[in-house]
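The first chain written gets the first letter, and so on, giving A, B, C and D; residue counts start at 1 in each chain.
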Amino acid sequence: MSIIPSSVLRLLDRLRASYTVEQARSRMSHRAELVPQRALRSSRVTDAASIASLWRQLHAAGVATEAAEPVLADTQTLTDAAAYCANIEAMIGTLKLPLGVIGPLVINGLNANGAYYLPLATTEAALVASYARGAAVATKSGGVTTALLNEGVLRSPGFKFAGLIDAGLFVEWVTRNVDDLQAAAEATTRHGKLISLEPMIDNDIVFLLCRYTTGDAAGQNMVTIATDALCRRIEETCPIKPLHWFIEANFSGDKKASYLGLLTGRGRKVSASVIIPGPLVEKHLHVSVDRMMAYGEMANLGALLSGQLGAQGHYANGLAAFYIATGQDAACVSESAVGFTRMERRGADLFISVTLPNILVGSVGGGTGLPSQSAALSLLGLKGTGHGAALAEVAAALCLCGEISIMGAIAAGHFASAHDKLARRR
Amino acid sequence: MSIIPSSVLRLLDRLRASYTVEQARSRMSHRAELVPQRALRSSRVTDAASIASLWRQLHAAGVATEAAEPVLADTQTLTDAAAYCANIEAMIGTLKLPLGVIGPLVINGLNANGAYYLPLATTEAALVASYARGAAVATKSGGVTTALLNEGVLRSPGFKFAGLIDAGLFVEWVTRNVDDLQAAAEATTRHGKLISLEPMIDNDIVFLLCRYTTGDAAGQNMVTIATDALCRRIEETCPIKPLHWFIEANFSGDKKASYLGLLTGRGRKVSASVIIPGPLVEKHLHVSVDRMMAYGEMANLGALLSGQLGAQGHYANGLAAFYIATGQDAACVSESAVGFTRMERRGADLFISVTLPNILVGSVGGGTGLPSQSAALSLLGLKGTGHGAALAEVAAALCLCGEISIMGAIAAGHFASAHDKLARRR
Amino acid sequence: MSIIPSSVLRLLDRLRASYTVEQARSRMSHRAELVPQRALRSSRVTDAASIASLWRQLHAAGVATEAAEPVLADTQTLTDAAAYCANIEAMIGTLKLPLGVIGPLVINGLNANGAYYLPLATTEAALVASYARGAAVATKSGGVTTALLNEGVLRSPGFKFAGLIDAGLFVEWVTRNVDDLQAAAEATTRHGKLISLEPMIDNDIVFLLCRYTTGDAAGQNMVTIATDALCRRIEETCPIKPLHWFIEANFSGDKKASYLGLLTGRGRKVSASVIIPGPLVEKHLHVSVDRMMAYGEMANLGALLSGQLGAQGHYANGLAAFYIATGQDAACVSESAVGFTRMERRGADLFISVTLPNILVGSVGGGTGLPSQSAALSLLGLKGTGHGAALAEVAAALCLCGEISIMGAIAAGHFASAHDKLARRR
Amino acid sequence: MSIIPSSVLRLLDRLRASYTVEQARSRMSHRAELVPQRALRSSRVTDAASIASLWRQLHAAGVATEAAEPVLADTQTLTDAAAYCANIEAMIGTLKLPLGVIGPLVINGLNANGAYYLPLATTEAALVASYARGAAVATKSGGVTTALLNEGVLRSPGFKFAGLIDAGLFVEWVTRNVDDLQAAAEATTRHGKLISLEPMIDNDIVFLLCRYTTGDAAGQNMVTIATDALCRRIEETCPIKPLHWFIEANFSGDKKASYLGLLTGRGRKVSASVIIPGPLVEKHLHVSVDRMMAYGEMANLGALLSGQLGAQGHYANGLAAFYIATGQDAACVSESAVGFTRMERRGADLFISVTLPNILVGSVGGGTGLPSQSAALSLLGLKGTGHGAALAEVAAALCLCGEISIMGAIAAGHFASAHDKLARRR
């Protein structure tokens, strides 16, 4: 019985079998001779010529196979190349992700209202089938009720002062000049509104939590530009001078899971719920309400014991597939896939709800205007102005469908076999 | 001065302007008349015919525009349709994501070793340019040093007993029969190895934390199937009978950020670092080492104060783009985008490191064999057997490049303007 | 190499050596014969007679030694017994904790201002000596600068509704009737003021985060009573009826560490800092500023990697000793001992700060009026009305002294030997 | 409607009413004239003379009232002074805390077994009464079942290396030399055993998580001294030299709540549970099982939404009172008051459990030998060698009693009135 964990011993065994200490040391050392390689040169425009130029460089570097180029830089992509110019740099083609569809999903939402068909882009077997199952059960139960509960995208510049006194006086000044700062921020944008400004002091450092509504856009760039203007206005007019300031310092929760996001929300907070009649639980999920509740108890404990941020099953699966399909920022899955799933027995029936405080979607901007993303979004009927809030409610309803299905599969003991069957079709 | 937060008041104002209470109530109520809609029918095969069938249904439902179908279900996609059958259900086409490339990125890794060109699929302006900048600086500095530090994918079944006594006796039995259980798990897989088994008791519930190495695959399905076999072996042979058990109960950290993952790792843990000579910092990042350190102090505080899981800038951006481009599971960004970025002054130079405990990538399996994903992966030279560990080191090195670039941009005060310029090209 | 952790194997070995399975099962089973024992009867008054009565019962139960009674129920305690009646039930005597003193600690605070002597009650060797050392260094450096940054004690009742619609309408009603609710809450207290009311919805459940200033008292009971009145006012007047409601549901952070407390504060938030001249660091802490910074880097990483709530060394030591000595609620150490310690090089000198968002102290109420607590508090000069904020600043300054000393000891390599020397004096 | 939070505006209003900017600046500035004050001089011995000497200094400083001295430095304390010498420095007397008692509490534990009377030291009204009520209900229900589930106190030294390569080689060396290191650690102690050693790498920094069993002592100093020896052995014999190392770096969870402690335990992990018959719930808690379950649902959600570490009601209250009464380290409440409370309906009855992973108690060492602490401990019958595990089980059983009572009071709607009645007796 070694007091060193077995996983450490295993890894060391494997590494020792592969490399001597000297080999390891040599591999991990900096080697000047590799350095002078020239970087890829890419032009500022994006078109068929710029794509071809990059491929020539990749061929010259010996890393591109003949087969790869036409698969990525196909004719259609070369034709459409200019359409991508505001969404990517150093473009060499397009990546094709299989796209599935589920629906109709009935949503009785404050903003989303009707029967929707949702596009999902994924390479993971069983994902579309699982969400489709959840959507079918929810729809047969009368549909998913949703509501937008909060909205606001954060940007959080930080200011460093000579000391605690100046930090305090700075906050005092900000509260007196908040209207002017708000005007400076809002002057940069037609759609963004600064809805709250909260100072947070840690001795000589002050963060300003700036929260904006962003119209129908996800709004991450919008709030950056507005906050930059707000900070520059402070720089010009505030008599208490910071030693330095930065537009952002890992505080806003941008692209990361955080308790700040969990507690105060970032983007849109939406709740979605459904009551599934007991007979439908039995028929479609092949499990009793009691067993669902038993699973719920254990799942909730697992979330708490493992230090999960929130308590849910797999929001990330549905969100990633939906964000990619509809031209959203896929990296935001890291902050959006946080929230709370709850189940309750309601007489003979099963209540399930999800609440997600950090949904970051837009019906305009980002990748929503690209050819295939725009086509996918058109299936939803939520393209363009006026649909941001509805899109967020659809995202939450989708997560609810995924929770229904995965909890049903685990509770029924089908989780492993379902994946096995669908993933091993090849 | 209202004691209700301004963001709540704003949202309520907006909602009141849109809906009366009665309208809201009506929209959010279940409506039986929507229910009888039939669900989409999709065949079990994936081919041009199955795709066409789904489009007919979408057209019949009135949600598909004429324009959308050929963009998603283009000729090439229809030709390749069968290739996607093990990766999606209810397929209606492919989603085209613009693909960029950065490199060469010199990596001096225990596993990844050489000069790499990395494919990145994203719709976010500035992302590729930013990572390219970081890669150029790191390469000019002699390359990124990387090492795999830990590996093991968790699955965590939970068992509920009549009480605390049985829970204890169960753990006692498991420790006596661990070899048999390990054999049952490993019999399901050629590549998976059960490397640790840790019981976790909460009164009458016992979770078994099963950690596996998974060869070159990401291995999420592999560990599910192996653990299912382990549990069924327990069910057959253990005299202490659980009231019920489930293959997973939100404990393993699958598709979610958790402190368990942060502390013990899930997938592969990799660290990557570089020392950037002071003059290169000034020349390429347009900022001094001192100012980078000042930013580092504030960023670290922001991470702590906002309750971030870990402390980093934007791993999610690079990981999402890289995971999508190389056929990985994009939803895993939710668990992978967690870790620690550190900076230190080393004389006149700048040391930067990243450590990510939850990288989930495979050089085989998942979406790695799909046409464009395979082509993208071929640029890296890390396709197929033997490259799992190297791929994980590349992912960490990529994150390091992203941290260098974003911290440089924020420290130099260029963050807002860079995004503004690149995103507003359209 | 077992795949079961060594700590589990060790514990099982030890338990097996102590008990057979049958013995364990028997010991842990409910035994009806033990049940009929009668509970202790204690009178509603607290005086020498009630104390004597309890001792008679303990003697009769065979658990009280002759020696114990006079040590706990000494003459002075019996004489003073009535003084304790509002602070304890079933009193059998007093527990004597050794009380040390440190000082003078110079504090340049917005509220605390002057040279203070602090009483500390503890049984842990080295604690008083360590804080005294930190106080001496801080005082020689010109004193500790402090400021109160925030204040407000939370109580968070939760309301359960029939569904999401009612939850939303309830929030809408609350915002329209907030003045009436505030009046109901504030009618119960002379000192408490409801300063913010924030609704938090999770589908059919609404929490109302009620934040109060509480004058010079810690105020936990005050806010409970005020919030109870607020809830009862809702019950009487709100047309949207909850299924049920509770005055508190683990949300407020009362007696527990939480990210809500870390982020928004509970009680008083105070920051304290000092700049220690380099020569004083060397002379009194026997370590260089560089080595302190090296320790700071590692300590910060340790806090992050271990998932600490905040990042600090041992606030709990000073707070527990100070809270006990001054009649505060010792259980609040669980929520108060959270915050951030930072160090920075300032030229040749060392800046150190602490920020604690959850200090819960009162200069009136609680145990502040008891004989020895009152005497200890009188040494500080902060007894009675008008001193609540100053007391909180002193608590933060004390924590700063503790951080200076422990970081110095660890950085200098004296940590183990200091404890060894002082604790083994006996 | 201001976009600045109302709590910030209120505080600023209050501060502006108290101080002008100039006054604030002046108060918070360092004042050299305060510095030369001499610190208290305390002798290395603790006796009546040393206490008198400190009082003379306090009188001379003008901070001690005539009344305070005899209350703190009473005759008995002066007589016993030497008994405290290994537990405090700069002693000026004793602090008298009222001590209550509850019981008999029947515990059916693996280690604690029988009917116990528990001493509780607190100044908070209602605390003893509340725990007594829970104990009575649990005892009437047949007693509390408990079991020790894990044990081990952590110390976590950190080593900084020239880079990632050395960090890896260091770990490799440690695993090869673990027996020698274990021997070095264990040579310092008769009771401590190093039961696991886990390396944790973050690039160039390696933490060694050293976990010890500590016999019947809480063991915090024991593990420090053993780990110091282990580190010095590394320093002497390891060829890979660290740039620097520290005995501890905020990683072990010592005196702070952390996810590491929650997940892996620190000290002793104990679970305790009871099934309360439905009629007893109604009779003693004045509430139905259904309503208890309704409260449980909301309390669990509150814990999750507020980012609580664990999910429980008020462990800290019972633990603080019990730790103080029995000579434990009161500061450890900060790490111990973490865990999970669960409720379940079992037919007509109510199951409640608590699981605490970080109980730090000893039946020897610390303050257990001081006069009144020893007397209080003697009531429990768990004084001295052989009782460490039982003491931990009693602590968990106590927390269970507190949860029963507070959840009953809140569910029944009596929480506010109970506090009001007991606290306002004065």
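The rule we apply is simple: contacts are C-beta pairs under 8 Å (C-beta built on N, C-alpha and C of every residue); 3 or more make two chains touch, one makes a residue touch a chain.
These are the chains along with the protein names UniProt gives them: A, B, C, D = hydroxymethylglutaryl-CoA reductase (NADPH).
In this text the structure is predicted, and so the values were computed from the model without any measurement.
The set of chains touching chain A and also touching chain C is given as B, D. Comparing the contact residues of chain C and chain D by number shows a mostly shared set, over half of all numbers used being common to the two copies. Of the two chain pairs considered here, B-C and A-B, the higher C-beta contact count falls to A-B.
Each chain gets one centre point, the mean of its Cα atoms, and the points for chain B and chain C are 39 Å apart.
Chain centres here are Cα means. That of chain A falls 10 Å from that of chain B. In chain D, the positions touching at least two other chains are 2-3, 5-6, 8-10, 24, 28-29, 110, 145-147, 149, 164-165, 168, 195-196, 202, 259-260, 262-263, 300-301, 303, 305-307, 310-311, 340, 342.
Here chain B touches chain C in the complex through residues 2-5, 8-9, 12, 16, 21, 24-25, 28-29, 164-165, 168-169, 171-172, 174-175, 178, 182, 194-199, 259, 262-263, 297, 300-301, 303-307, 310-311, 340, 342, 344, going by the rule given at the top. Across the interface of their complex, chain D is touched by residues 1-3, 5-6, 9-10, 110, 145-147, 149, 163-165, 168, 201-204, 259-260, 262-264, 271, 273, 307, 340, 342, 353, 355 of chain B.
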